[in-house]
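Here the structure comes first, spelled out in structure tokens, and everything after it is commentary.
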Amino acid sequence: MSQRCIELEILRYDPEQDDSPHFQVYAVPYHDDWVVLDAINYVKEELDPTVSYRWSCHMAVCGSCGMVVDGEPVLACHKFLRDCSNRIRIEPLQNFPVERDLVVVMDDFMDKLGSVKPYVIPKEEKDIEDGEYLQTPAELSSFKQYTACINCLLCYSACPQYALNSSFVGPAALALAHRYNLDTRDVGRSARADVVASNSGIWECSFVGACSEVCPKAVDPAAAIQQTKIASTVDYFLDFLTPWKRT
Amino acid sequence: MLTIDTDVAIVGAGGAGLRAAIAVAESDPSLKIALISKVYPMRSHTVAAEGGAAGVIKDNDSFDEHFHDTVAGGDWLCDQDAVDLFIREAPRELTQVEHWGCPWSRDPDGHVSVRPFGGMKVERTWFAADKSGFHLLHTLFQTSLKHPSITRFDEFFSTDLVVVDGRCHGVAAIEMRSGQVHFFRAKSVIIATGGAGRVFPFTTNGAIKTGDGMAMAFRAGVPLKDMEFVQYHPTGLPGTGILITEGSRGEGGILVNKDGYRYLQDYDLGPPDPWPRKKAMELGPRDRLSQAFWHEQKKGRTISGDNGDVVHLDLRHLGEKKIDERLPMVRELSMSYVGIDPVHDAIPVRPVVHYTMGGIDTDIDSATAVDGLFAAGECACVSINGANRLGSNSLTELLVFGKRAGLGAAEFARRRTDSVIEQQVDLMAELSRERVLDLIRRNDGEERVAGLRKEMNSAMEAGAGIYRSEESLQSCVDTMMQIRERYKNVVLNDRSNVFNTDLFEALELGAMIDVALAMACSALQRRESRGSHQRLDFPERDDTTFLKHTLAQYAAMDVPAVDYRDVTITRLQPAERVYGGAVE
Amino acid sequence: MTRRPYKAEFPALSWWLRQPRYIRYMLREMSALFLGIYVLVLIAGLYCLSLGKPVYEQFLTVAEGPVGLTFAVITMFFAVYHTYTWFKVTPKAMPLTLRGQRLPGAVIIAAHWLIFALLSAAVWLLVSS
């Protein structure tokens, strides 16, 4: 039985050799249970060791292997060959500078992640001896989905606002801010507001919704941002009407 | 050569590295911390852990029980003073991360929930659905962002420790995006680089688990302890090796062979009912479950599949609601990667390499024999896990010993007054850089990274698998020595300075070969069976000769030298490991 | 330094033609244009009404002519599309819980359509009477 072959069209870019990126085509054997990452690993191991890309867990939890496959941002370890065409175009994530081949520069995202103060700002410090904060299953449910972000950056790749305006804080960072804002142990919403509720924050979002469509973990950052818009507007009016009770 | 001066350098930004960094920052905000990792912190393999972290908090539990379970689970190779400290610190550390926001699953009254886990008599495993490692890692990473004294060096590939006269002076690392070698001159260094599962071909471990830090410490003169003890997780998906958490058995899942028979009852883990029952059947310790698979396979009672033999993990009786609430990731992984919905069908599973019990020899304070060098997490061996780790002790270990390493390194950095012998140190750093450049520049050589790596994997699988023998291990050692020699002829295809993954994989291969050699030699010399190290030619446990830790010492031109150190026994004398019906 | 990160060009005018989801988004946004013009038309109609019956009759002739009707139909399409997309995202912006359980999005959307239908029926009755 002859082995069926498919083609991978991979974007290559080595700044030491190339003026600009170009595509290189490789023939790869087709396996029904292979994902795109398996095919790229085959290329690196058998055909061309110079292809550079990020990957680790192969189970869609580390977020390393985000790339654009046939125009759609996906996790390479989660996209099966059986759901692709016979000639698969593989490019790095959009809206980030390309360092090398499929590796993008993520610095901007890391800065933005830090800028939203993504940690618990408690009302009062609690001693370890006093045990855990109490949190009912219902309270946990209220923010649980927003904890699922693996920082894979597919949402930034899909977001046209981030493409048009690189100062936009972006879906994942804003969803993470929302996660902490909703956590019953946290009272930091106002501390996050100057970044989150700024013109580069939630108000840059025009609810395209592409981020939520491509998110592999169903975090739904678009929903997080719209909910934050409502909460922020309410805060604004409350601060206006009752300035003595700063939120 | 770019030099960066810092007080504490931490290599590895997973659970242990991050916890150590936070500990240093909290204990003394004036100390400069360089947190160096070859991947962004969120990619560290802590992220893949699923089941949970053990710590005594419920009224029906006690420190004594956790102690007993851990020591017995480790087949008495655990240092009991370390275990005592570990279990006592555990609840505090788990509460600390809860304060930092870790979304532990809850009981209706708002307290943290616990679930049963393998080898534990009382349930004490804190869990965050079935993504405990993910939540723990992200909580620690996000909390670390609070501390301005932590400077991260993301995607810096550490290559060598600089050790002069038994004292550590820092670490050399390649900035991956530019290829520039940097020297981090530090007063103290913590290694938290994780385990080395990628030495084997079938593993739950991600690509990055290549034992880099273990090899660095090994080459710098620190012994690697108990390297022969490699844990096979009983339930990994065939082909990819993706982990299916022990939590699925904690919630009541069962393992059956091709006759639909719960075969574990044939291996001193029964009787099968009542179920679930702690420390029995599918909640036995991991080494015993993996070994049972091996026996079933020999008897021809496993199910053959496209990716080798498997058994079936049946969760159907749990019902959709429970699966979605407690094991949503298991359902997702199973559907995505093997096309099975556990609500309706059994999941095909097999044992895969999962955890390295052995590692960098440290004492109870995470300190190594080299002054100013500390290690914590899977890369280290204190030892609290002994010959076999109990599930959910590892995540807790990251926190307890990560913190201790941080405090120890901070203290050492503060106290350090010696004047650095600049020339010697710089020379060593320069040598490290030359080593890297040599590899890039080499033109004459027949070997390629991928090919040699596959051969190394095959040799380990054949020679040092679940069951070993004198013959298989000697052959493995011989092959590995040849592979080490051939490694000197590895030539790269990629000569770029910019994110050269060919280079990084070559360096990782070098580390794996050193680690594999330590594993094989240690296994060869341990002529007994204990925990996860099983010898067909020496099937019994031999406490008279081998109630000791194996210490492998690096030799550049020879096999590692193997020596022994007594295990610290304080209050639990070695006894028979009993699981199944005989337990209350 | 041998690094030279490459920044791909982003076509500011035609980016939305690349994928169906972006085209749908732009259609949604474009509806504002048509609805805005329609509001102006209505205001013009009111103004004509205030100037007396003959002027108003002229307005109606134009409004009910071929151009006017085409515009009205197109605007109707956009109005319904806008309503459809707006209702679809309402559960995301306002998640509701009833007795501890998250209310399914479909229920919220259905409730919106029901109220919309009732109000539309009321307006139709008012206009046709």
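Couple of notes before you dig in:
We just call them A, B and C in the order they show up, numbering each chain from 1.
By our rule, contacts are C-beta pairs under 8 Å (C-beta built on N, C-alpha and C of every residue); 3 or more make two chains touch, one makes a residue touch a chain.
This is a predicted model, so every value here is computed, not measured.
Shown here, the protein chains touch in all possible pairs. Comparing the CA-atom centres of all chains against that of subunit A, the greatest distance is found for C. The centroid of the Cα atoms in subunit A and the matching centroid in subunit B are 27 Å apart.
Subunit B and subunit C have centres, each the mean of its CA atoms, that are 57 Å apart. Measuring from the averaged C-alpha position of subunit A to that of subunit C gives a distance of 30 Å. Subunit C has residues 2-3 in contact with two or more other chains.
Of all residues in subunit B, those touching 2 or more other chains are 177, 496-498, listed in ascending order.
The set of subunit A residues that touch two or more partner chains comprises 15-16, 99, 105. Subunit B makes touch with subunit A in their complex at residues 39-40, 42-45, 47-48, 57, 92, 95-96, 98-101, 103-112, 129, 131, 134-135, 138, 142-143, 145-146, 154, 177, 206-208, 239-240, 242-243, 306-307, 329, 333, 336-338, 448-450, 492-494, 496-502, 505. Considering their complex, residues 13, 15-16, 20-21, 71-72, 94-95, 97-99, 105, 138, 141-142, 160, 163-164, 206-210, 212-213, 220, 222-223, 226-227, 229-230 of subunit A touch subunit C. Subunit C contributes residues 2-8, 10, 12, 15-16, 18-19, 21-22, 25, 29, 89, 92-95, 97, 100, 102 to its touches with subunit A in the complex. Every residue of subunit B that touches subunit C in the complex is listed here, in rising order: 177-179, 496-498.
Against subunit B, the residues of subunit A that register as touching in their complex are 14-17, 33, 44-46, 48-64, 78, 99-101, 103, 105-106, 110, 113-114, 117-120, 122, 126, 128, 131-137, 139-140, 143-144, 147-148, 150-151, 176, 180, 183, 185-186.
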